Amino acid sequence: MNDVTMKGLGERQFNVVGTRPLRPDGVDKVTGRAKFGADLHVPNMLIGKVLRSPHAHARILSIDTSKAQALPGVKAVITSADLCDLPSEFIPAGEMMVNFRDMTRNVMAREKALYEGHAVAAVAAVSEAVAREALELIDVQYQVLPHVLDVAQAMEPNAPLLHDNMYTIGVEPRPAQPSNVAKRVEFALGDTAAGFAQADVVIEREFITKPVHQGYIEPHACLASVSEDGQADLWCTTQGQFIVRGFCAKLLGMEVAKLRVTASEIGGGFGGKTVVYLEPLALALSRKACQPVKMVMSRAEVFRASGPTSGARVWVKIGATSKGRITAAEAVLKYQAGAFQGSPVQPGCMCAFAPYDLDNVRVVGFDVVVNRPKVAAYRAPGGPISEFAVESVIDELAKRLSLDPIEFRLKNAAKEGTKAAYGPKFGPIGLVQTLEAARSHPHYRAPLEANQGRGVASGFWFNIGGETCATLNLGEDGSVTLVAGTPDIGGSRASLAMMAAEELGIALDKVRPVIGDTSALGFNFLTGGSRVTFSSGMAVIEAARDMIRRLCERAAKVWEVPVEDVVWEYGHACPANGAGGERKPLSLADIARTAGKTGGPIVGNAAINAQGAGPSLATHVVDVEVDPETGKVTVLRYTAIQDAGKAVHPSYVEGQMQGGAVQGIGWALNEEYIYDASGRLENPGFLDYRIPVCSDVPMIDTVIVEVPNPRHPYGVRGVGETPIVPPMAAIANAVARATGIRFTQLPMSPPRVLEAIDAKRAALAKA
Amino acid sequence: MARVILSGTLRQLAGGEAQIEVEASDVRQLLRALGERYPALAPHLESGYAVAIDGEIFQDAWFAPIRQDSEVHLVPAIRGG
Amino acid sequence: MPDLGKPRRFLGGLYTAHASVGSLGAHLVGPVKADRGSQAVDERRIIRARQPQGFWMDYRSPSSVQEAVALLAAHDGAAHVLAGGTDLLVKLRTGFVDPKLVVDVKGIPRLRAIESDARGFRIGAAASCAEIGEHAGVMAAWPGVVEALRLIGSTQIQGRATLGGNLCNASPAADSVPALIAAGALCQIAGPGGEREVPVENIVSGPGRTSLARGEFVVGFRLEKPRQRSGDAYLRLIPRTEMDIAVVGVGVALTLDQTGVCTHARVGLGAVAPTPLLVAEAARALIGSRVDDKALAALAAATSAACKPIDDKRGTVAYRVKVAGVLARRAARIARERAAGR
Amino acid sequence: MPKHHVTATINGDPVEFLCAPEQTLLDVLRDVLYLTGSKEGCGSGDCGACSVILDGRLVCACLVLGVEAQGCSVETIEGMARGDVLHPLQRKFLEQAALQCGVCTPGFLVAAKALLERNPQPTETEVRYWLAGNLCRCTGYDKIVRAVLDAAAEIRES
């Protein structure tokens, strides 16, 4: 059951937007024609492979590559010496600031290997077999150092130190000693002590979550070709070809204009493809070998050496009156950053209490380095972790106060004008609407049986805009090519083409959308932050308006009337209110036919920094059954409700909601990184890193609520990230109601659940 | 004068000031004024922070207008996955 | 001399091993090697993983058992038998094995055949699980065995995986093995010295190790025609609904008399010890009973008592011990219903 | 050790290729024959992105040696459409928006085709268990299962 309920939708009536056409790139993807990262073969191509550290923490004493160099068929061997060392400098990327000093060390270890799987050298050879052989001939001398994996242990004074020059930022005065704590952040509002004093009930809990991987099905892959004169082309699977260009140019000391990056079709990213791993290595190898170099990660390399999201410890304390009003809330977040600083703890802090209207809040966050792969963005980075903790305590409070969990949330829900816990006031947001839709959904009233429970949780994500370009080119026959610069990861070519057709007033099949390489457009920030339909959509609409302006000018020239006498209606230039006499409206084809004579080719361009992204809020309802003898949790029914602002292509909005919900189910029940005592990952494959399979989940019902975003011409909000925020708490809340046990640690895997059930039985037996 | 509200880390860097009155008609003037008044803030303002003007968040937007009675929050820039 | 950081092999959980099938494992000697469960070992750790293509391993596809025996004998331990390949190919990829020769036995008609006669069934060691699952006779006679092999990996895996490989991969967690043990299946082995028949429970001698002698390989299995009023069942616990390695697996086969009293029972147990187990004590708890709650409780206790598991990435000792009893009870109930039904 | 000369039928066409004994069928399809519609998501039979039909059986091409294809018939995603006519499953995947990134789609389509050839009227549960070896991280499977059930119904009616 998927339905769209319109709430306060703007007066504009749409012709194309809101319909469900076939995606323009669809046929290529159901026929196997679509080219993904590893699907390109070029003449004279070499295969590149990476040698990785077997140690979680080790000083690199020496690397001898001479034997590998000498192996017949080996064309290039590189180490960190082949990449630029760079000073500490933070610049925005994917999830947050990146530091090039860290990035160059993450793609290729320099002084130390900081996690198992950390790249230490790479080779390019005539075949994969020769490349593998060569890796075995590289002699690396390590001095193995003690390692630390747990965030709490890493914060202890005598913990093994990853970076001896790291002094905690955000603590005044600056600490005298270096530590593994990169940063302390704090957000505060009102007076929490006073708030807790007014509370009738206060609940305080600590939660633990494990690192989880985005689990995109396509491993990282790229093909680099650097010519003798230093001009380079790079083909890769990425969420942002422009970001890759910038990073690689910096790491290799190239001019940005010399490097053209083409984004292949991308087989999933979820934030994990917003950074570079193989790309700079392939370029460095190709530069050395003067031949194209293709590199593809194995699945084990993806798990070991690409960024999952943080494991964390989160302490939450919330107080409320007996009437159900929250009086104060506090949280302390400790997030693993992996080997280099930059966990999503800051957005985690800002999201923690964002769904609620609170007077007294205090959130403190710590960004902590540990001997694990550097985290990368993962869908609403930071939010799911802190909101899991907060939404669990909210549910427990509701139970303690004998309030329906939706009622309790409605009593405290943030709405337009609410001052967000992180500072500014919200514009129009849809939390209340999603809660009301959940309450009135048949799912919420459906009966439950023994060992079953129903859980509810809400979720928040900011969404972003950012730098974006789009171009529309009018063809000689009146058809239109749309060039966008944000990789299409889940149907955005469809939504962008729909917005172009809507604005131009033409049929959708007259628009052919393509994703341009870095030479085709000005800079585009990446596909992330749920920004594409919002930002690229905004750019496409502006480009369409720009093209319409030109079309009207040309029509005016054809008619020999002032441009004021021409209006654009239903895809035609028309005489403005009677002006210009009885002229027949001109279609794009008519205008294109004479374009040469009236001034040349006709294009529409937009280059913007999109502002005004609207937050998207969601409420999820889930039913589970817990097997009391095995601890196995089964998800029986799931309903996801979310504010999309305006759903341009509702099928793909539903798809985002369904996909995020199921990723959340995996996070809640089975997904986790498991390390052995020596700091080596024990489950770097889909066999033991257990993402949900088709038979694990029910249909995911969706309800799209539409509270238009006033800052987008069509009311669009980002929708991609919010869906992964509510599931963990929703499931924990359902399990709590099925078992009477509050689970504060993820994943809620069968052994963990059974242990808790047996402990409870034992306790009852005693009593 | 626009009211600028600082929280957490920035407040510490501004010597504990929670609210500051600043004469500025756009974001660039505001950041400049803040940096001059609180040199410790300056490096942080250059990157990594967004400006919320009367509730609407602007990232990297020097010329977003600020009204005399605007309430301005400095919040960490968000990127997302 | 500091650690040279040379790639080194190491094991996942000691008993981790793998549910699907590949090498009939004639010469899996030494510690347990690759298994789709301990992919922890990947390219990085390979010692001279793949030589330049075409310089190391040869492939042969004999058409008779004798030919296969000769090939295996000639390579004296450096040859691997290939049946379904769903384990062996992963081991090749991850460098756990580097045979000089791979002997594909799927070309031997007898190893692909599924025959039935008055005595029962003869299932070729290289018949795919999918083929066996589609055999109406086997399905009707031994539903527990069929449900076990239908749990091996995915539909895709079952299209290749074989009983011979699942057994000789010598994983403690192989799904089909406890069911075959409960069913009293016999394993037919061919070797330089001719052929012999051995109870399935006597094949696996340790994680990744079998009792097969040099040059021997498994050619097939014999399953008796079930007695009247007999039924079998296999249950396993995995975190997901599919695709995982068993954390615990239990096979139960039993026979009732006209009055519903259990006259015969066998219980096979997987993933809770270095090898799959035949648990006589558990069977004794059922024999002479009406498979009532009291007997089921005794069965559960005896089953749990027989477990000698380890903690690993898939489960804890306590969890495995407890759940083994739970699954035994549930499997015995199903077997009882099936027995009563005929 | 010389490479083996292998003759097989791929998507109905006779094909000859040379392959080393350790090369998988997936290596051969992708890197020798350039049939890159079959994807490598794991190389260990855990994701199903390389699903092909080998002599009528659904298998993972990453778990089959190229030499094992000798004399066999192999069906890949590239052979699913007939000329410019999409298979009903392909059409339903498009109509139902059953793909987002699309990298798992070829494997799902091949696996679903194998299912419908055996079981023209599968229940939702049968579809879900048959496809359990095909991982999708984008869709949550909902629209995929709907598309398969839809296609089955359409094929039955036609």
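General remarks:
By letter and in written order, the chains are A, B, C and D; residue numbering begins at 1 in each of them.
Everything below uses one rule, namely that a residue touches a chain if its C-beta (ideal position, glycine included) is under 8 Å from a C-beta of that chain, and two chains touch if they have at least 3 such contacts.
Everything quoted here is computed from the prediction, not taken from an experiment.
Taking the mean Cα position of each chain as its centre, C sits at the greatest distance from chain A.
Once CA atoms are averaged chain by chain and compared with the all-protein CA average, the nearest chain turns out to be A. Contact counts per chain pair peak at A-D.
Distance from the chain C centre to the chain D centre is 27 Å, each centre being the mean of its Cα atoms.
If you average the CA atoms of chain A and of chain C, the two centres end up 42 Å from each other.
Taking each chain's centre as the mean of its C-alpha atoms, chain B lies 66 Å from chain C. Distance from the chain B centre to the chain D centre is 55 Å, each centre being the mean of its Cα atoms.
Residues of chain D in contact with two or more other chains: 43-44, 46, 129, 131-134. Counting partners per residue, chain C has 36, 39, 50, 53, 241-243 as the residues that reach two or more other chains.
Residue positions of chain B with contacts to 2 or more other chains are absent. Here, these are the chain pairs in contact: A-B, A-C, A-D, C-D. For chain B in complex with chain A, the residues that touch the partner chain are 5, 7-9, 12-13, 47-48, 52, 54-61, 64, 71, 73-81. Chain C contributes residues 2-5, 7-8, 10, 12-13, 36-40, 42-53, 237, 239-245, 247, 313-316, 318-319, 322-323, 326-327 to its touches with chain A in the complex. For chain A in complex with chain C, the residues that touch the partner chain are 49, 51-55, 58, 61, 73, 117, 127-130, 132-133, 135-136, 139-144, 298-301, 304, 629-632, 669-670, 674, 680-688, 690, 692-693, 695-696, 749-751, 754-755, 758.
For chain A in complex with chain B, the touching residues are 90-97, 170, 172, 184-189, 214, 269-272, 274, 346-347, 350, 376-381, 422-427, 461-467, 528-531, 609, 611-613, 711, 718, 721.
Of all residues in chain D, only 30-31, 34-44, 46-47, 49, 76-78, 80-81, 86, 90, 93-97, 99-106, 109, 124-125, 127-129, 131-146 touch chain A in the complex they form.
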